[in-house]
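Presented sequentially are two complexes of chain A, the first with chain B as partner and the second with chain C.
Then we have the complex of A and B:
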């Protein structure tokens, strides 16, 4: 009986260190972001309540609207591309036995590196005097300014992020593929279904939960792209890769408009929240 | 099945032929997979060639370097600035690993096996903070750290990154599956709580602690945005922030590549030593 009475206290004591960290460094800043967004807070501490002024300003701010557009275009390029590569490699890995472990390691390798590392090497790949233009010159093409062309910069950055990150989604999808009973596929093969039919009617439906998970994780990640942009383009050329997080960073630490920057953070939160809600809806529907 | 049972002599070669046909059909897939794997790994190899190229001598993409040298690597490794950044990254990652493993396993234990008022509400609140992107709290967090005189200090850099709900959730899931009888038996024997934690929880959660440790190490070693914001002096920079600043300082390319190559060594070491933990935990828990 005695230890049962002590239980609530020991339970709380064990949670306490993490709880303190959470309250100070997660809850307070989360509320703080919402609070800042309705003030004109200046670094140094002076502020007054301004209502929705910061939010209204967003819609009149061509730089913010541009950043929103860049973010959405980037997501629209990155997510299908990374899905294609990770699903393709997962399917290949699932159908090959030969040297499978080595292939999987090689494909997963970039995932453990940093975006800064990826940015350093890929900036050289893309340069006028870089590797890809060196290859193009051999067949009398180019040079192409991948990072200097407003139309090419987002696909170029998305490619770097796909290279760095597809190994993660590949592993998730590979686990999903492995959980499909081979007897289903065997039965379909006996019934004369070709590879495409087996993929359409058996693999794809059974892979849906894994695909959903990957799409949501990758979409949320793409909304938050920053490192690779900072290292490779600095938001350029002429703000063609200036996305939401870059705007947040630039407003907060370049222009010191901290309240306005916090407002951009709230927009990011709302976008991520919407994506999560859509995911929950779709998952609920697919489960019933 | 019936055929193999009744006519084993004939069926065995037939099956072998079938599997040979199948593995014969695998060749195009294996070839394609090999091509993708080589493409994925090639940026690493190109970086290595550049890092080993003598300074100011022709190299890729124009021609293969005529000789290779370790000079760039050695110069970086003997530069006090670069070594300082590396040390900072190690401190940032190692301290975070130790404290997160400790606090998250304690909290996970309490959430999994203890009853205390508000437990479920608290767990829910922890999980809810996962919905708030870190970047949305960047500005308030920076203001908070500055007000506490933590800007450009180690504790200001490290402590805000310790509130990690993924870690708590993972530990809770794992500890919940441990049999209750273990804890009850220890209590009946009169073991104090701290001994139950140290002698039952910690030893039994070693595999998941190792996995979590690997991820926390990689998250921090590769982290960029928070160290960029939280540090301002050159001596406090982490390796990622330092690496991103090299381009602006007219740093020779081969030196920059050598620095990047060194920065990725701990990630690759972790990858090759603990690949099994990484790969399995992604497939099983979606840890990212």
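Then we have the complex of A and C:
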């Protein structure tokens, strides 16, 4: 019986439903997008092959280059911030003794709220007469235009995304922390290692697989940020939060340049792929 | 065990794949099913549902072979959803669209003309409503209502600042701004957020100053001409005089809960009748004044007919045309105008119980302008809005911002032909 369940065909059958869905809804559309990017397809159905024209156009397009810059800056702000918050909360939860479940649920709660809902709430919080400026006014500061200032809008949006999304990474890291045998830490403590040394030399190396997973999925997620920008700024002010996904959306559904939108999608895919490979090289050495 | 696992998984897979299928609608047991996407033209959800349920039943009672399904959709994301539905040839037979949306779909050949649907009744519609919904002489939308915008003022704020007359021209608005600014009250709620339609923010000022969005041949942008620069410079001057809220560049044109409804801003220049009601709820009805279109070189009020448009891919086009004609009839138009607070697009029907505020809006109907209808009208807004934001944030001059946007638009128009 055990032997049969380990049979590769049985295994394949178990993953088959997901595999079929993946092929239909992810793989085939991706191939379709790659195909579209070398055409001048119009929504009416007419198209002709244009080679790399769309790709060449990208590099002369100031809006695309701006969106690329915004995307990279957003990723650079979001990923370290979310890592810090999720690791911090995971470490805190790991050391909490009472009411663990309540704390864990409370911290996970933002993750299961809708992004649109979170965006609307945070928009109120950031407004000139909103909650945060109300607090700042009490100490004679502000008002600060969090979503009106081109320099502040990306950190402000990244904060919302971190608040919304850190719960998931926190749980992954918490599971990673739980899997570290307590005997290692006890032995280190007996040997006189302080808290930082235990974290630096035992926890962090053993947490590496979980960290690698979190960094990769959070980076991919950051490259694909859309909902929060759509709800809170519409890409503004002055395109300061206009990222690649927003450009793709505008080109596809606003300007009907479906082929050009697909080209942006392919470039984004290549970008995410390269960054993920670099991360794999740098972070996952010990696991491969 | 293995057989059980295989059978179970096969069943699961079958269910999963069944979910991927779709339905094409069309005929079912000899009946033609017409699906229409309608939007919250009637703001009150309960009233809206009751109204459209009645329309559906009344029409079906008179047309036994036709089953009508009216699906309520949100205004948000309308352009994207309609585009996707038309491209995939699924979703609706009829849809409610504005005049600036129709040319793009005509260009894509995804919508069909409706001249024959109202051929017998054509003379009863307002001519400018029919013109607005036509492309190359063919009617693509049956007008079912007419909107109009007008400036709404908080009279109390004007009086408190010593402004005795409601400004009637943009020059008078600029002259009154410092008096209100002295009371820390911006005069104009300018909604500069990129998601706000420019038809309700920048364009009314541009049109009043005699400008237009596109050149006469529609091949180039024209908003960066002298009239456009004058219009944007006016906003920048107004801003300098303390006449705009500090966050004007990112404000949306939602009246409810806005600084206008909170009594912190004096006026919004392109409000719909519902906006006047919402302002009244915020600052007291007695303080609301509905003005005429603010004059520059001319008087222009943005107002559009709502048109019911037929998808070219509809398999029940004849039944859909019948229903579209019914929606445009005097009977339905009167009821819709009464319930929605809009106006009828017909000369032989008007709402039965218009409020005093609505009657003030009605006066602007003669200045109704449906906007620059062009296949790229919506795309131009995407390019122009961020540049207007840049000017309002002091990053570009009026001329620079408009020239930069014009370059983007010209490149886009050249690329898409």
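Just so we're on the same page, the second predicted complex is superposed on the first by the 251 of 288 C-alpha atoms of A that agree within 3 Å, B and C clash if a C-alpha of one lies under 4 Å from a C-alpha of the other, contacts with A are read in each partner's own complex, and residues count from 1 in each chain.
Just so it is clear, a residue touches a chain if its C-beta (ideal position, glycine included) is under 8 Å from a C-beta of that chain, and two chains touch if they have at least 3 such contacts.
Since we're looking at a predicted model, the values are computed, not measured.
Novice: Is it chain B or chain C that touches the larger share of residues in chain A?
Specialist: B
Novice: Touching A:92, do we find chain B (first), chain C (second), both, or neither?
Specialist: The first partner, chain B, only.
Novice: Contact-wise, after the overlay, does A:253 reach chain B, chain C, both or neither (first, second, both, neither)?
Specialist: A:253 contacts both chain B and chain C.
Novice: Taking the superposition on A as described, I'd like to know which of chain B and chain C A:28 touches: first, second, both or neither.
Specialist: first
Novice: Under the stated touch criterion, which partner chain does A:10 make contact with: chain B (first), chain C (second), both, or neither?
Specialist: Both partners, chain B and chain C.
Novice: If you stack the two complexes on chain A, which partner ends up touching A:235: first (chain B), second (chain C), both, or neither?
Specialist: A:235: touches chain C, not chain B.
Novice: Would you please give the residues of chain A that touch chain B in one complex and also touch chain C in the other complex?
Specialist: 7, 10, 13-14, 17, 21, 24, 43, 249, 253
Novice: Help me check something: in the complex, which residues belonging to chain C touch chain A?
Specialist: Residues in contact with chain A: 1-2, 5-6, 9, 12-13, 16-17, 20, 79-80, 83-84, 86-87, 104, 107-110, 193-195, 245-247, 249-250, 376, 378-379, 382, 385-387, 389-390, 393, 395, 408, 412, 415-416.
Novice: Under the touch definition given earlier, write down the residues of chain A that touch chain B in their complex.
Specialist: By the definition above, chain A touches chain B via 3, 7-15, 17-19, 21-22, 24-30, 32-33, 35-36, 41, 43, 88-89, 92-93, 95-99, 102-110, 112-125, 129-131, 133-135, 163, 168, 171-172, 174-175, 213, 217, 220, 223-224, 226-227, 230-231, 245, 248-249, 252-253, 258, 261-262, 265-266, 268-269, 272-273, 276.
Novice: Using the touch rule from the top, collect the residues of chain B that touch chain A in their complex.
Specialist: 23, 26, 29-30, 32-34, 36-38, 40-41, 43-44, 46-47, 50, 60-62, 102-104, 106-107, 109-111, 114-117, 119, 122, 125-126, 129, 131-133, 135-144, 146, 159-160, 162-163, 165, 168, 187, 193, 197, 218, 221-225, 228-229, 240, 243-244, 247, 253, 256-257, 260, 263-264, 267-268, 270-271, 275, 278-279, 282-284, 286, 288
Novice: Considering the complex alone, what residue numbers of chain A touch chain C?
Specialist: 1, 4-5, 7, 10, 13-14, 16-17, 20-21, 24, 42-44, 57, 62-63, 127-128, 143, 145, 147-148, 150, 233-239, 242, 249-250, 253-257
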